[in-house]
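Look at the two complexes coming up: subunit A is in both, with subunit B in one and subunit C in the other.
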Partner chain A sequence: MTDAPEQITLAEWDGRYARLRSAGLAEPAYGGPLGRHLAGGDTRLDKLLYDNSAAALRLWNFLLSEADRLFAAGQAGKTIVAAMKDLGTVPVMACALPDVVAFYPDGAWWIPCIMEHGAGLLARADALGIDESFCPVRAMLGAFASGAHWPEPDVLICSVGAVCDDFSAIAQRLDGLGHPVFWWEMPARRRPDPGEPAVRLPTGFTAPQSQVDVVRGELQRVRGALETAADKPLDDAALARGVREANAIRRVLAELRRLVFTAARCPLGALEMMIAEMLAIHFCSDRDEAHRVLGDLLAEVRRRVDAGRGILPADAVRVFWVNPVADLRAMNLLERCGGRLCGTELLFSHALDEIPTDVGPAEALARTALGDPMVGPAADRAERVCRDIRRFAAEAVVVSRIPGASHCALEGKVMHDMIAEKVHLPVVQIEVPPLSDPIAAKLRTRLEALVEVARGQRR
Partner chain B sequence: MPTVAATCPYVPGEWIAAHGLRFRRVVPSAGSGRELVGAAAGLCPYARASMNSLAAEPRPDAAVFTTACDQMRRAAEVFAGLAGVPTFLMNVPSTWQTPSSLDLYTDELRRLGRFLVDLGAAAPTPDDLARVMRNYDAARARLRAARETLGPRHYAEAWARLDASGPWHGHPARGTLQDAVNGPLANPGQEAHATPPARGAGLALIGGPMLDVHFDLFDLVERFGGRIVLTAVEGGELTAPDFSAVPRSSAQQRAMPQHPCPDHGPPPRGGPWHRDTRASCDPLAELARAYHQTVPHPSRRPNTLLHQRLRHAIEAAGPRGILFLRYLWCDLWHAELARVREWAAVPVLDVDVGDRDAGANLASRVQAFIETLL
Partner chain C sequence: MICVGIDAGSRAVKALALDAPGLETIGAMVTDQGVQQQETGDRIFARLLAAHGLAPGDVARTVATGYARNLVSAADTTVTEITCHACGVHHRLAEARTVVEIGGQDSKLLRLQADGSVRDFAMNDRCAAGTGRFLEMVADKLEVPLADLGALASRSAAPAAISSMCAVFAETEIIGLLASGTEPKDIIAGVFGAIAARATTLAGPRLEPPVAFTGGVAMVAGMDKALAEAIGHDVAVVPDPQFTGALGAALLAARQCHPAPEDRGPTGGM
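This part shows the complex of A and B:
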């Protein structure tokens, strides 16, 4: 059995799994061959390429077993919190309480991809008046209607205000269908006026202290909602512990990103990196296990980097990726076109940066939440992207538009123009639907052109 | 006099006019000559038309956008970068049932006031503001009284342009209260637009804000044998503030911050400025309450007020069908369509419009819809 890092198919994984088991692979309870998920309806898995490490196997199994974990938690009497839209803050608070599990129904936007529409979630959303002119996150509505993907949450907590209209409208539709939502306000972050007391946020943006105060007040209401749902107090000490645990995970992820994005040879594929980043948002419904999964992945990447080994050719073009893709296959496609992932801004940088610990936990979480790149000017977000492009020495940029998303029509151009002007790199915009097969040739052409231009600029 | 323009119903014209500025509520034009922003996939036609119209001549001296919808929030950034017009993005909270939400809105009005002062305006005294608020409310009352005589199209247009035509700005220093009283709606019976005879299938027109060309829908409906008996669209009467409806006794309102006057005690329902010519206790707080708590909108969470208003208006008007106006890529209004269909007792036609004109396809749809109702 070779341990050389490479990307393999699902069928190849099943063979490798058997060999790993024979060699003594120890797995957590949710472990097993990846092929079983295909049998369970996750048909897209058969069309992806995977990292061949045991750490990646654990990552995939952890991701794909989340529904089981949620149903088990519900049956065990744990409080189930559906956090919506804020991407990273409410779960830190929820998980600070004992016997509370938080998840993001937003994540349902990958179900149409993973199950290749087999779950019928988009059709259910259509029937409820939320058609394809909305972002693929409308699958969340179908998932709630089906009742098959998670237990009915004890509380739904959704941030509104400076958020995508798609999400806000879909969440309101959900509320109207008998899933009451606790709404909390996220103001549109603005730059401080001259002389106005201001604070630097963890994401690097600057905001008026008055806006942080507003968010802190809103999170105080969220704290109350969590306490009511869990029937337990959530004091500052518990919140501070929750912040420390979240930061521990964020530090592992930060090191993972640094190593993967800066290594001479790419030690881990774009697909696994994107999933790893997602764990930071809500810990895939098990914070401690998320920490271990990421720790495994980091150890594997360290071994590869130390050995100078990678999964892609050494001359792969270093690409920075903006926005998550609804079809996971697009990340494989980037690599097939000669690119490698060297930096991301997947809408939730505020969930990657460490939460401040030099202020009280409520203030720290408010600063973190307000640092969300999506709640401020597109120019702020573009500046952050430019900073990270320089940090990871990317050679090209992909701005991946989300079909139907209210922010993409105007934000995409602002980002494109600003990135092109500030870092002088080739930038291409693409749009990736939940199943990109019908436009795969077009996507490939655009990504190949980007890679070609970037290679040309090396000379 | 410098002009400040806006499209969003959460921007109180009173506040801008009280600063001695001319407030223009813009009804965006589908074709405003040179385009600041071209059509793009995913771009709401109304957001695009708003940017283009605000940049068209005569250009305003400043533009106010709000965060009530995501595309307009982002449009403010694009507009500010391209148009060369001072631009203010006002944070309009989506939540509306908490004291902190009202505080946020009120603070944003104060911030807007500082922006206006930076433009050269004078900060109003409470008396100034109270007087302008009375002028505006009187103008709204006169317009409501003119409903029957104006006819449906001109009534809807008058609401959409209520703040657009100078006489309504009513700055106390310029004696424009008289202008308002003697304005074109003072004698509605003399308007050139006669009320059409009450015939044909009565329809309600509800939904999103209208571009200028969309007022042709009224003519279209009449051409096919129908008539609009209710217009309840964003930017029209539906989203006008209702000072008399500011809740004061409900449990919700008790949770709201009150601004009792040390001299007169808590303000009565409708606000002290409304009934009393004396300086109001806190007219800005009253203005904020009225806009924040009585203007319905699909961005509000929860959106209960919008549906209460629409249901009430539709039940009162008794239409035989509903035209639901929305724009492609406008998620907020689009998402309300299904809910309206769930509670409406009459058929609902989805009027999905672009940024040019109603189009032959739409005409055929409206015609067929009316035929089914006759």
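This part shows the complex of A and C:
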């Protein structure tokens, strides 16, 4: 298409979709106008701004059709694996098996936003004893209770230990409600003692080899659980193939991030970038299609960068964003306040790094999993953030908190202070609930002020 | 050349007119924020001009700031209260390097560069913890006029311990303290200390003096003392603290009209 890149509303997408179709747009089976998702109850979509490319349309349709895909897979007799909390490891293993589909019930935390509480998931979680003192990921509990968002999985595999406290508590409640969970333990990553055998993880952190051994042992148990659920062996050769496929996706994402975050003009909006990054961890229940969707997006971005075209003014302030937001609208708001996304740390940076291929796949996956930014000291995570801030030449930083999330309460201040001290950039903390409309003015003030301060520091 | 700043805050709307060449304040006005927030901002603009014999055509530029800044149709542009307070404080107290601003529903801490531009800032959470609204609740519950809180607190020898900074929970605590016989003066002194302590959490481990205190809560006698004790530094109350944001907005309006070569301060986004 020759149309200039821009951000458009859902209503505008209807007209654009008709034009794209008449111009010969070819779509996958899950394609169609974006507006149909609104009719299906995803009312928040009407309040967002979208990239106007066919590649973005495909990304959104892929994301919003995941439930259909999961139910179809269940009906086709495929093995459904619910991977929980590990963010990026178990799906790599599961997808190495034929006729196995993996998904993250964790992703339900966006349903209260997308459906503007229409599905009543948080109210269901309340009724089950998991109230708003927990992270909005408690929506997962409501989704399991409703049975409307995915078929009952053949196996639920959840990491516990040094991971999110809220999630562990919610998953335990889920287990108690008759959804048996296969637990595997993630140790709290520590720095090696002097002289202790150590290994450098793909994320750049260093950990004792003994901890990697523990994780490898735990993942070996996960492998057994997957084999039992699928009734098929998962040998090293298959696992290595799975790692290679995951790495192919991670390479596309790495290039997408490099182009989007370093381009002179912003070629793709913050919202689409956040969703694209999420594909690295969950593949949206179809790894091969996720690869194609991201490939399309990368090609579009490359075209725009080569042509020097963007969707935002050239002087937009380059903002690094820490933590995902419960309300997707916040990413649009950043851009309306004069910012653009130039770097992210959305709690799963370990899933963006390539999995090592110079060691066996089990060892490689263990090293990658132990590099999870959430299982080590907040200072480690802040170090990585600072490194990426410099890499992408960000001018300001947003540390976004998730209401009720215990890790945000623990980490927020540490992250804020370390980033401010090490990179000498303005940093603002915000808290974004699933529906931020009532506090939109306050969020706007914080983001606008950040942009003003960063602009002031350009002089 | 007349420039106007309008600070449309959550509890009060302030307007200030400036004679731009000399940066002299011509007049200032305050009114309560209303339900019809757009009308409140525009009404005070009209009243301010009328009070000083001015017509809208006499005004070269108007900048709106504050929570409801986007609803002021009289404004040519908007700038956040972070930038406006920094500008206003720098104009009044050029040596200030840290600004504590406590308004109706927000509290802020700004770190300033030598030229008055903002180096970094922090704001309170979305609840009314440690803000003017919190003080209003206390005054209401104790049936004490807001203006008398400071005088009462100064008589306290044993400030009460206030555990919660949530305005809702603290109200419950105050009822409990009253029921247990704690005197209002001690409750108020405890609340002052709690608000000041809250402001220090925004400051983090390093706070560079001199410290300026501004915003509506800075008008409450005794709050500056409580803040100074909490942060361990002297605190200078900015003159006419309620108008600092409006002053900053007017100064930025003037700067946007005629940026002087020697004036390298921020313009608020221009």
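The rule we apply is simple: the second predicted complex is superposed on the first by the 457 of 459 C-alpha atoms of A that agree within 3 Å, B and C clash if a C-alpha of one lies under 4 Å from a C-alpha of the other, contacts with A are read in each partner's own complex, and residues count from 1 in each chain.
By our rule, a contact is a pair of C-beta atoms (placed from the backbone, for glycine too) under 8 Å apart; a residue touches a chain by one contact, two chains touch by 3 or more.
Quick caveat, the model's predicted, so the values are computed rather than measured.
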- Mind telling me which of the two, subunit B or subunit C, contacts the most residues of subunit A? B
- Once the shared chain is lined up, is A:V414 touching subunit B (first), subunit C (second), both, or neither of them? first
- Message: Between subunit B and subunit C, whom does A:D231 touch in the aligned arrangement: first, second, both, or neither?
- Response: neither
- Message: A:R459 in the overlay: touching subunit B, subunit C, both, or neither? Say first, second, both or neither.
- Response: second
- Message: So in the superposed three-chain picture, is A:A188 touching just subunit B, just subunit C, both, or none of them (first/second/both/neither)?
- Response: first
- Task: Pick one for A:D288: touches subunit B only (first), subunit C only (second), both, or neither.
- Result: neither
- Query: Is A:P426 contacted by the first partner subunit B, the second partner subunit C, both or neither?
  - Reply: second
- Message: Is A:D306 touching anything from subunit B or subunit C once the two structures are fitted on A? First, second, both or neither.
- Response: neither
- Common interface residues of subunit A with subunit B and subunit C? 413, 431
- Item | Residue ranges of subunit A in contact with subunit B within the complex | 128-130, 133-134, 158, 160-166, 168-173, 175-176, 181, 183-185, 187-188, 190, 193, 210, 214, 217-218, 221, 377-379, 401, 404-411, 413-414, 431
- Message: Please output the residues of subunit A touching subunit C within their complex, sorted ascending.
- Response: 338, 413, 416-417, 420, 426-429, 431, 439, 441-442, 445-446, 448-449, 451-453, 455-457, 459
- Spell out the part of subunit B that touches subunit A in their complex, as residue ranges. 40-44, 47, 67, 69-71, 73-75, 77-78, 81, 89, 91, 93-95, 98, 100-101, 104, 107, 111, 114, 298-299, 301-303, 328-332, 334-339, 341
- Query: Touching subunit A in the complex: which residues of subunit C?
  - Reply: 67-68, 70, 79-83, 106, 117-123, 125-126, 204-205, 264, 266, 268-269
